[in-house]
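Chain naming follows the written order as A, B, C and D, and within any one chain the residues start at number 1.
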Amino acid sequence: MEAALIGLGMMGTGIAKSLLRGGHRLTVYNRTISRAEALRDDGAQVAASIAEACRSEVVFTMVADDAALESLVFSGGGILASLPRGAVHVSLSTISVALSDKLAAEHANAGQGFLAAPVFGRPEAAEAARLAVVVGGPADLVQKCRPLFDSMGPKLFVVGEKPSLANVVKLSGNFLIATVLESLGEAIAFARKSGVDAGALLDFLTSTLFTAPLYKTYGNLIVEGKHEPAGFSLPLGLKDMRLVLQAAESASVPMPIASVVRDRFITAMARGNQDKDWSVIGSVAAEDAGLTKPSPAAV
Amino acid sequence: MEAALIGLGMMGTGIAKSLLRGGHRLTVYNRTISRAEALRDDGAQVAASIAEACRSEVVFTMVADDAALESLVFSGGGILASLPRGAVHVSLSTISVALSDKLAAEHANAGQGFLAAPVFGRPEAAEAARLAVVVGGPADLVQKCRPLFDSMGPKLFVVGEKPSLANVVKLSGNFLIATVLESLGEAIAFARKSGVDAGALLDFLTSTLFTAPLYKTYGNLIVEGKHEPAGFSLPLGLKDMRLVLQAAESASVPMPIASVVRDRFITAMARGNQDKDWSVIGSVAAEDAGLTKPSPAAV
Amino acid sequence: MEAALIGLGMMGTGIAKSLLRGGHRLTVYNRTISRAEALRDDGAQVAASIAEACRSEVVFTMVADDAALESLVFSGGGILASLPRGAVHVSLSTISVALSDKLAAEHANAGQGFLAAPVFGRPEAAEAARLAVVVGGPADLVQKCRPLFDSMGPKLFVVGEKPSLANVVKLSGNFLIATVLESLGEAIAFARKSGVDAGALLDFLTSTLFTAPLYKTYGNLIVEGKHEPAGFSLPLGLKDMRLVLQAAESASVPMPIASVVRDRFITAMARGNQDKDWSVIGSVAAEDAGLTKPSPAAV
Amino acid sequence: MEAALIGLGMMGTGIAKSLLRGGHRLTVYNRTISRAEALRDDGAQVAASIAEACRSEVVFTMVADDAALESLVFSGGGILASLPRGAVHVSLSTISVALSDKLAAEHANAGQGFLAAPVFGRPEAAEAARLAVVVGGPADLVQKCRPLFDSMGPKLFVVGEKPSLANVVKLSGNFLIATVLESLGEAIAFARKSGVDAGALLDFLTSTLFTAPLYKTYGNLIVEGKHEPAGFSLPLGLKDMRLVLQAAESASVPMPIASVVRDRFITAMARGNQDKDWSVIGSVAAEDAGLTKPSPAAV
């Protein structure tokens, strides 16, 4: 079917390629137009403006945070002003529950549809059509967009009629991943300082109880202290903890582990790891155990 | 080969059966002798005293905690007094790093061998020879006991020459499991209170990112609020957090998530859940979010 | 001198009375005009609109939170639009560092002055001219307003040229007070459950080490479980923890105790204590120790 | 009256001087006898052994920790073996609730009396008879020893018939002090990194809300980063957090702030601050905010 995608970072570009491979007619837009032009060979049409991209009946957005999406939607000539009545905006970004609720209300006011459809997976998964997608919103809109979601990955979780439920699921998932990072960091620091070979420990744990691939992947990054290049950057991880804590506070749910993880991310920021992968909190655990010196950039 | 096993709780009984099925000649001892007698049909010899059990060249112990093991080993007529020079005591229990170090020293003084070999797995796994065993101690002793370990499960992790390293690994593993419980409890409370169906959330997460079976098993217990019968009881979980925090403190390693989990276990104890499974901390997360009333037994 | 005050809650009303008693010519404005009329007998002039109040050269605002102040300042006919060039807006409210920075910038753009001057003290202290005031902003403006501050209380802390520094100080102070609440709650729960008489404990501690009156005042509220009426309400306490954590995150400063306190406030909210004093977190500490049942309204 | 005092560290020596000045006949004992001899000029008798010191009807002990006191009491020729029936052992040390309970039971078995009487105050206060003493135990024994307590300081808190209640009070108090250290550390790091002058902040806070002297004393140490010489050393502070958490766990009381403080103490240990004052956790707060480098000794 026909769609547009606005926001061509690594994730957006990967999703665009999967949609094109899936046989959809895709128009793409990016502020830096070269990233859009690069997709012409894959069959994409390139829009010169947000307004032009909004001629599609389904418009995806994939940007870094609330501020970027608010700018796309609410600025003059933005999506809210440009999208025809009856068309649908599908937000793929990891945004706050509050913004998702606001978008649902504003698009409804404008006679437009809105779905929140955040995704799990790294850029490679996006390009390989292996994302897991969580979608929230009216069932008829979900139904309409299903062929597009099917081209993004094999796993679609339809969470309910309220779009922001999908954002709750996404934030819950990222919280659980961040917890894995922090708990591995603590366990590995404890084991190393007690004289256990950390690599052997990780092999044992991930071949018995903790067989989920993310334990192996992130565990190895922490054991090796390899946090560059950033698959998912520290500031994005901190943003997600902020979003989950905000949403949980609004729902009156204390999340003490989320608070611990947030503090670690902040310390990692204070020590100059802004460009590192979020697994760098494993290094903070090691530093706080006196195993290694904090990054010199920190002070 | 020939061995003895002292301590026939659910875990010890399961291990005894696996050893017998593995073709070893096993003598068993338990304070309440009926639990030993019950193993006669499986081929076990029954010892009338610890001293009698100590005529074997390898003596396993499997008891609930430090105090129980100290009593077995150090009391008059205990293992230390009864075991011949050159024989080996293999401790399968989840005990403190400090006690493991003490046992290594005391047995060495007495000309006896000592291995720490804590196990991962529930009673069913013990009986089905599917435990994962971590062993620390001198390589020749490990080599000697290997046929016995092989009858307990397919996975043996030899961690080093110092017995207590195995206890560090065991405690690290239990800390990681407890973290999974707490983080699932927080995520599920957040999702439920935000309007997400918790069962559907769990299905999605465990079929995508968190494929390790323990996420599914414990996640379901938390979603259903089903914490009886106790597969692993709350007081044992609290004991393990105490042991990991003690050992980490000795090694000067802060473990903030372990502290959070410990606090949850304590609150669960304060609310009268002594006989419940340690996954009951998921209920504490729900209670602290105002979702459910604390157990009436608590107050 | 001449001034106006917008926002006549308990704090604003008390400050208005102190300013009038100090001999200043004060115009007051409140959305619900009856609260303004009530000050006529004290000598206040009553403005019919924000614009009318803004005819003064110094305009104080005292409202509950960021949203209320933003509405006062930025709405049509608000302070930003109404205040003459050269006049000064003095914000007395406990607001975010970010909003304080924004107000400084916007007023500067409009050729207006801005001071942040949050206050410490309860309504009784406001009325009795016993507040402690912290002021941030250009020295000449501080100098100009000093006679007004002097009528509010004996203690003025001039923190620097940047207005939001005063908000940092205010938030730091409220964080320290909230820490006192939480730590007293924990200590009292521990003592009570161990069999110590909590009242006697508090008498001892506050007559030896913890002689600051707030330990006695809040300690008694916690010992007696008396959290109504609210001197400072739970939602305001939670707001302040949110503001201090936001500002500290922006400055890359982890504040783990602030996170703990925030979680307690959230649990207290989840249990239906919205109308209670913020010292109600002492009850949460007792509940989590199994000493008392959570409020029935919670579930 | 007549008494003996065993354990002549800085605190014990100060108390001995106050007792002598109070007109009591005091026998002193210390393993390193020179510290005892030094008190001859003040009028003390010097005992050559524990047994000799135990000829007094009241024997005080003041040592560093549980292990030291257990050794004094339970070793051959120790207090338990040497003290006559009817005489009383008064433990002034900060020890665990569990050991206090054990001492009460063992002394009772031996027909001896036991009081727990931990003290608040630094060595200077001990020597100046300005300690605050908390005493737990049978009323008649407290009555008997009252003239001795009166010579130690003006403030005696009689907490009840069970000796260990006094230890609960002491641990509660030290927990509250440690909380002050950590919260000041966090607030000062936040303020400094936001651009506020930390010294001025502290002056303001301690002259308004936080007038208890310990805020000023410890606040200044933290602002100046002056943690040597140690008035109360980091390892002793860590010990006290361990004891309060153990006792609270036994009573099923979660104390999340105590856990946070404990983690900070551990990190401070890991960074090589063993010889510093416990206020050094203020430096950890600064380091975790990226303000200063961790001590080089740490890595």
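Just so it is clear, a residue touches a chain if its C-beta (ideal position, glycine included) is under 8 Å from a C-beta of that chain, and two chains touch if they have at least 3 such contacts.
All of these numbers come straight from a predicted model, not from anything done at the bench.
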{"item": "Chain pair showing more contacts of the two, A-B and B-D", "value": "A-B"}
{"item": "Chain at maximum distance from chain D, centres defined as averaged CA atoms", "value": "A"}
{"item": "Computed distance of Cα centres, chain D from chain B, in Å", "value": "37"}
{"item": "Residues of chain D engaged with two or more neighbouring chains", "value": "248, 252-256, 260, 263-264, 267, 269-270, 288-290"}
{"item": "Topology of the chain contact graph, where touching chains are joined (line, ring, star, complete, other)", "value": "complete"}
{"item": "Residues of chain D that touch chain A when the two form their complex", "value": "256, 267, 269-272, 287-294, 298-299"}
{"item": "Residue ranges of chain A touching chain B (in the complex, touch as defined)", "value": "97, 120, 132, 134, 155, 157, 159-160, 162, 164-165, 168-169, 171-173, 175-177, 179, 182-184, 186-187, 189-191, 193-197, 200-201, 204-205, 207-215, 244, 247-248, 251-258, 260, 263-264, 288-290"}
{"item": "Complex contact set, residues of chain D against chain B", "value": "238, 242, 248-249, 252-256, 259-260, 262-264, 266-267, 269-270"}
